[in-house]
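Letters A, B, C and D mark the chains in the order given here, with residues in each chain numbered from 1 onward.
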Amino acid sequence: MVRSERKDENTIKAGDLIFVYLDRKRQFLIQAIQDLEFSSDLGNMDLSNIIGRPYGYVGETHLGNKFYCLKPSTADLMMKLKRRTTIVYPKDLGCLLLETVVGPGARVIDIGTGSGALAMVLAKLVAPDGKVFSYERRAEFIELARANIERAGYIENVEFHCCDPAEQEFSQVDIDAVFVDVPEPWTIVPKAAIALKGGHHLVCWSPNIEQVKKTVEALNQNGFVRIRTSELLEREMLVRQQGVRPRERSITHTAYLVRAQKILEAIRD
Amino acid sequence: MVRSERKDENTIKAGDLIFVYLDRKRQFLIQAIQDLEFSSDLGNMDLSNIIGRPYGYVGETHLGNKFYCLKPSTADLMMKLKRRTTIVYPKDLGCLLLETVVGPGARVIDIGTGSGALAMVLAKLVAPDGKVFSYERRAEFIELARANIERAGYIENVEFHCCDPAEQEFSQVDIDAVFVDVPEPWTIVPKAAIALKGGHHLVCWSPNIEQVKKTVEALNQNGFVRIRTSELLEREMLVRQQGVRPRERSITHTAYLVRAQKILEAIRD
Amino acid sequence: MVRSERKDENTIKAGDLIFVYLDRKRQFLIQAIQDLEFSSDLGNMDLSNIIGRPYGYVGETHLGNKFYCLKPSTADLMMKLKRRTTIVYPKDLGCLLLETVVGPGARVIDIGTGSGALAMVLAKLVAPDGKVFSYERRAEFIELARANIERAGYIENVEFHCCDPAEQEFSQVDIDAVFVDVPEPWTIVPKAAIALKGGHHLVCWSPNIEQVKKTVEALNQNGFVRIRTSELLEREMLVRQQGVRPRERSITHTAYLVRAQKILEAIRD
Amino acid sequence: MVRSERKDENTIKAGDLIFVYLDRKRQFLIQAIQDLEFSSDLGNMDLSNIIGRPYGYVGETHLGNKFYCLKPSTADLMMKLKRRTTIVYPKDLGCLLLETVVGPGARVIDIGTGSGALAMVLAKLVAPDGKVFSYERRAEFIELARANIERAGYIENVEFHCCDPAEQEFSQVDIDAVFVDVPEPWTIVPKAAIALKGGHHLVCWSPNIEQVKKTVEALNQNGFVRIRTSELLEREMLVRQQGVRPRERSITHTAYLVRAQKILEAIRD
């Protein structure tokens, strides 16, 4: 493969999502369109001629401050989508994804669509021929999630179901993984046990300890083993020439993570 | 797709890696072969007839203890491979993978092959047509890594380079992400800057603060922006009917994680 | 004050408790007596002539390894007493002591004598004319605690009560602080409310979250305000010439700490 | 001792410091004086008749909100004094105090008076006949500290020295403990080694890792042993009927704590 060809692949195209970075407090996810101007308190950024430039391009605001056109990571897409709900954080989701079996072709269930961040990431991972079945009882959230996932380009791998997931059976079976992010995850467990492939994973995350306890009880009663709960704390380090130390104030809690794997005891052949 | 067909996909086949779980302290990654017996202090497990069974199968040791044949997650493959080095933990790698752009077709560099855990996970993510270029100066580690990755089925997506990565240029360019896990990551930074696509990510992890500080300096000097350092602490929770609390002793440090993105300032056209 | 006089005060006297330190894994609290020899795997230490030496004295084992005769801190006395129970850690107790009003002359209640570590520290703080009322239902623990506190020299400031503190009223009133370290702290709260001075503090610590929740409910129902719960995590740092990092394995949970202050609403005059 | 006498001791007297608590965000340390009115956004509090009331008294603002007149803890005195500097937190100081030998009669050195919080707490502990020698190079901070400690009632146990502690020897010897809170603690170590009694403790705390490393080096070179560094993280728990979880944002770093004990090797007699 010739270098020049590869280079084209790194060129900003119309419709691309770009991560525009000025500094730690000024970072934006922007869709590249013709005739775009974007402003911050460090000056206006003329993005009209950015299409065709390579990623990594360095521009200047009209006040002379530099801005950088970076490639957004999956975490950037998650954190910067339009949202009206709390979000699953990359530190939590990254760990959970590695602790399940979600890859190209997988069929996974996402309970609690919310703003669609999780469905978007799952869709990216199961593409091109897998499917995310995303359940949400509030129609307006499904619309928000649909818009977010379309913008990211993965809408074909998501199938939305607008219903209360605690109220009815899932229509899918032989599912590779179930992700649960609703206030009462224990109500989902019996249905997830039916939908999941044997030996495969259910994960859920909840902010409160009572939720975790009820969910773990439900898992124990519905044929799940290897049940584990943990939380991940992220400590940012300030690394400066004059001294290194942890940041003085930060997020100190997001969610407790629960994982479990389904066995076939109850339905042994 | 008919259910019976899907069910076949969840059947244990000869050569599959299975996660055999007895309890928290007895869990094994085993390759399914004919006439296999496996023993633990809770009894022998006859795995000879396991091929053809579904994942989630529940067996019994000759002492009457249950064991569960589970689907291994990516994290299980990482943690249970044969190793002679410390390993990157799922909590750390999961976060870093979401904070980069590694998907099907990506071309990524892995500095410090070690036992091959990272190269294996990256290979899985870039398959079917991407490539992991994995550098390691110790030939015996490349052999170990090759065996580990072959066993996991992803060897075709890995290209090993046996050389000291601090001593020579990478032969690849237009790379989507660089992962650095060597004792002197700052020596890699100038070369990584040349190999990386503009706007794309370098990540590295180091146990000591001095390593982080030198690496951040090198990143600042070699055209990287959005440099961030953090560490992730995992706290396991014991969730029991009689009381919930964090585990009393645990791992308390693995590595500091550094991420950065390359800009094109130095090599602007 | 002449220097020579002060120096005498730092001389090891017969009966003194000395902290003998060889290295991180070999550190002992020893009572200085005539003709004492003490052995470790780094050699025997002849302590027979240590009486009359100053604190800070450096000796040598018969194998040529150095040992140091140091002044024990309050934390050393706590951690090195003879015990058959878990202990309140200096990190936890230190914080709680500052968050109460315990000084010379104070009268405090200690619920759950255990091995006596807490009663010993409290006795030291309320001396010379204050008193610690220490409750414990198991007579053998009171004997152990008595021996430990006698050895430390504070027995005159402790009054033991051998009874189940959940079963009967405290005979004391106008107490300055109540410290609770029993499995069911909520059973103590109504009695503590009667014994405590208005505006003063009850503190307790428990390993499980359920205990905390029940205790906080009891505090709310018994006229306590400013109820706060936290936990303290200690991370040891390895500070070495070749690199600084946190210790890799450590204690990760001791107890949740609860504090509250009693108001007079219910018993207003 | 008759109960009525004890009760008098818990009566608010003119000049007392009272902790006035409305809720988590409205808590004040107030000196009781005649004709005092104090206002908050929850209403004015008439404190004119508070003298003679018992601690634990419940009042009402003119808007009908309750306020509580509580006994301030040592931690409250520390956190609520007038300050122009960062402060040593109770979680950190409590642990360090237990890990030293500071009690009635002790003579201790405090390097870096700042707003006087530490000198105040130390003065309280060494009273009635001990002394705190507090060094500070900025005269205006000594004035602030003096006012703070006078208000708390412990000024007689503090002796201020206005000089740069890095520039000159301490005039004290046979000191029981040295507390160091300045940006360059390693400059203090050689002088502290001379002032300290053998076997006794130096402690210091610093926000940055580089400071810790230099200090540990200085301790190693100046006859200190048993050098230990750690940090304490406090996680507040929200304990509510509807769910228990850690607070979502908090302080995540205050200081690294270093402790060491001096040996007599260099100055053996």
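By definition in this document, a residue touches a chain if its C-beta (ideal position, glycine included) is under 8 Å from a C-beta of that chain, and two chains touch if they have at least 3 such contacts.
The shown structure was predicted, so the numbers you read here are calculated from the model rather than taken from an experiment.
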{"item": "Of B-C and C-D, pair with higher C-beta contact tally", "value": "C-D"}
{"item": "Cα-centroid distance, subunit C relative to subunit D, in whole angstrom", "value": "20"}
{"item": "Mean-CA-position distance for subunit C and subunit B (Å)", "value": "45"}
{"item": "Per-residue multi-chain contacts in subunit B, two or more chains", "value": "209, 235, 244"}
{"item": "Touch-based graph of the chains, sorted into line, ring, star, complete or other", "value": "ring"}
{"item": "Of all residues in subunit D, those that touch subunit A in their complex", "value": "207-211, 235, 242-254"}
{"item": "Of all residues in subunit D, those that touch subunit C in their complex", "value": "3, 6-7, 9-10, 19, 21, 27, 54-58, 68-76, 78, 90-91, 93-101, 103-104, 121, 124-125, 127, 173-174, 197-201, 209, 212-213, 216-217, 225-239, 241, 244, 256, 258, 261-265, 268-269"}
